[in-house]
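All chains are identified by letter, namely A, B, C and D, in their written order; residue positions are counted from 1 within each chain.
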């Protein structure tokens, strides 16, 4: 790997050197800026007056992102691994829509996908604490995944039944024009959102709606109960681990130039995953 | 029991053999398909254009379900036990509405009850894990049943009182045309659904509504608290059990050909419930 | 105390004898019936057609309740204690409105207060289990009382500030016509009820509303957290008590003829509170 | 420090002497009174009729608050510390808007900031119990701060993506006129507020909305889970501390005349912070 590639890798993929940190911060500001651009363009009044400026700025950002994408490809040993990683796909989707808009008018709205790039902030903040908190959230959610899937599946079946019942009871006048629409209303009610664009008018319909709402009362308690129990548990086991195993090492934000994996110890000289020199 | 009955039983009631598994999957797809059919028929535009096709497909599915129902009756030793079981009733109600629609026009909408058949997925997935999760959910909900019943009863009494109060305060102009309707509004508010089809207009009414909402704030915490405490407890006791008692056996999805009970050990040769040969 | 008073006391205040149980059940049915009467009378259509019947029935129930109230006064040694007890006040308020309606037209709507009498069901069910569950609910709520009061107080102050802010930002056009109304809107939003009768129109207003909603997100977690933690704790301490102290006695539903207190042991011959013979 | 300053300090900053207690209570009543004044002035009908009286009363309260502010400055040794403390800023902002209203018409509406002064009630109540409960609330919220920040950040990114999607799907007819407005709608839905001022009309839009609502279902469980787990933990550790460390001292509400810090022991003769004589 030539030296300039190594330097590029340091700057783009890592945030330990001043240049790398600076690059990450500039990138983050540009991402926020470009998301705001997409929003502003969608406001008709604003777009009419400043269409030229908006378009110019959007092209500037897009060209920067394109160059960055190419640099990322060049400075890593296994580019394909990056291309098909979560961030690789996001990065690609963040540049392509503007080019596409010449073929498919209006597709630049898809640039909003850039918002996903904002998740990079966790890299910039790079606080071990933040990563710990996020991973605790993640593990609690992962542990409750199956239970929540079972729960949502049962709720959906219930919604089909209750939605059909409301469709039979209320009919077209109150906005329950079809079963799918009634199911939409049932979910709006069960989740306690309650837009009110569709609302029961008849006495029987209102009675049924009351039953559904009280049901929703009990139902909303279930995911909360699942997640809370999981949190309380993961919290406890984290604390227990901490007590038993008090060996900590400082982890930096270097990414392996070979396989791209992160989370190396500060004193590491080889990648723990592929053995490549860091 | 003749041999063909045994084979039929294996295919229909069990999911361990390839044929049984295939049957369950085809059945599941057909159930989803038939539920979608009922939904599509309820959309006026769609029904006008494709009424013939929809009806034909519905008859095809219904005939298949009827045959399946008969096969289930034939291939079990105690058919009455199946007929009056939860799934037996659901299966029956899933075939009858279309036949009824010749006597009672429009009754085919009741076919939506087929959605309940989707609960069979837990059999198909047949993952011990899923069953464990579901049963944990069930036991937590069962344990909190009485508490939640007491709670809902008190909430209903409160709703009658508060509903009447709002009826006195607001009167007809704001949509509080009768006490039942005011109670409906109170429950819409207490559960934080808030359609807005009825909303207080007077200052006193809005003040009272504010009090009800803050009350609802506290009230919504109660079922969540009950279920969560129950979850945390059942979780803990599950884990304790696991530690104390680490003898596991693999359970398959065979149903006893005699009594229909499930949950036999892989190495079982007799039903643990009635002693019949498996 | 003459013998007939004793018998009356047994029937009215207790539910252990068949006559007492029968009395309680009839009373409960009559209460439900009378609450439904009040509701039906409030429906204009219904009232116009059946005004005569409704009025007659209401008088019949009211006279029964009046007689019951007198009987309760007569058959207890310290009637004043009953008069000023929770149920004594409810019982009185349940009879008086119809008499008042001759002085103050329309006051019979206050008969809805009878709904509170439905709380007597816990006496009829008289299941120790129910009482246990209810008292567990009560003690958890009592323990979190102060915390919830602090919490609601802070939320109210926040609502005044945020409501005023929205009043300044949105103004009259969007329905924010005065600060009290803006505060009403803020509470509707913070509690996630969201009627939509008042909704921000300007960009700044919608932005602020978004902030309030996300705030409400975090805020709604607080009472739930308080109650849940309390539940989990009371649950645990209940279980610990159960383990340590396994002496149970059966409690019946007799009320002391002298002081009216309940909760006597089955084998009790004297009131544990005043020493009167039971 | 002259004697009258000391007396003034006792009365204004402390609540242990009868005069100090009386002063605090009068102040609290005046704050409530002045907040109500601001509210009443914002009601057009009311303001038209009683403008003169309202203005006079507002001036009376403002002058009292101004004098109080000056007295606070005079009777403390390090006035700057007070000026830039939380309550110092609130106190200043509570007097200035009426003076400003001569330069900037309508700015007296900012007087609503006085509502923050109502937080002083915790000083008046001065119940150690209240302070304990409030501090327990505070510490639980502080502990979950980072987790909730991570959570809200992810929710906001999700809202941008989902809002853009709804903007593409629904378009102008249903009220999704721009991406920012669509994001507003997404947050209204995710938080289960659901005004209904903007609601999806197309089938695809309603389907997407359903997905967002069910997502919101799971999402609302997360902050609740975080806060609850934190509460349960802080509760437990509080109790453990109580058991281990049962040495209590009574704390009074004196504030140090030098540095203004509170929380001194009853038997303290010197400030624990700066050593000044109390």
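Operating definition for what follows: a contact is a pair of C-beta atoms (placed from the backbone, for glycine too) under 8 Å apart; a residue touches a chain by one contact, two chains touch by 3 or more.
Which protein is which chain? UniProt says A, B, C, D = Voltage-gated potassium channel.
Just so you know, these numbers come straight off a predicted model, no measurement behind them.
If you match contact pairs by residue number, over half of those in A-D turn up again in just one of A-B, B-D or A-C, and that pair is A-B. Looking at which of A-C and B-C shares more C-beta pairs in contact, the answer is the pair B-C. Averaged Cα coordinates give subunit B a centre that lies 32 Å from the centre of subunit C. With centres taken as mean Cα positions, subunit C sits 45 Å from subunit A. Multi-chain contact residues, meaning those touching two or more other chains, occur in subunit A at positions 180, 183, 192-196, 220, 224, 226, 228, 232. On the subunit B side of its complex with subunit A, the touching residues are 35, 38-39, 42-44, 109-110, 112-113, 115-116, 118-119, 121-122, 129-130, 133-134, 136-137, 140-141, 148, 152, 155, 180-181, 183-184, 187-188, 191-197, 220, 223-224, 226-228, 230-232, 235. Those residues of subunit D whose C-beta lies close enough to touch subunit A in the complex are 146-147, 150-151, 153-154, 157, 160-161, 164, 167-168, 177-180, 183, 189, 192-196, 199, 203, 206-207, 209-210, 213-214, 216-218, 220-222, 224-226, 228-229, 232-233. On the subunit B side of its complex with subunit D, the touching residues are 192-196, 224, 228.
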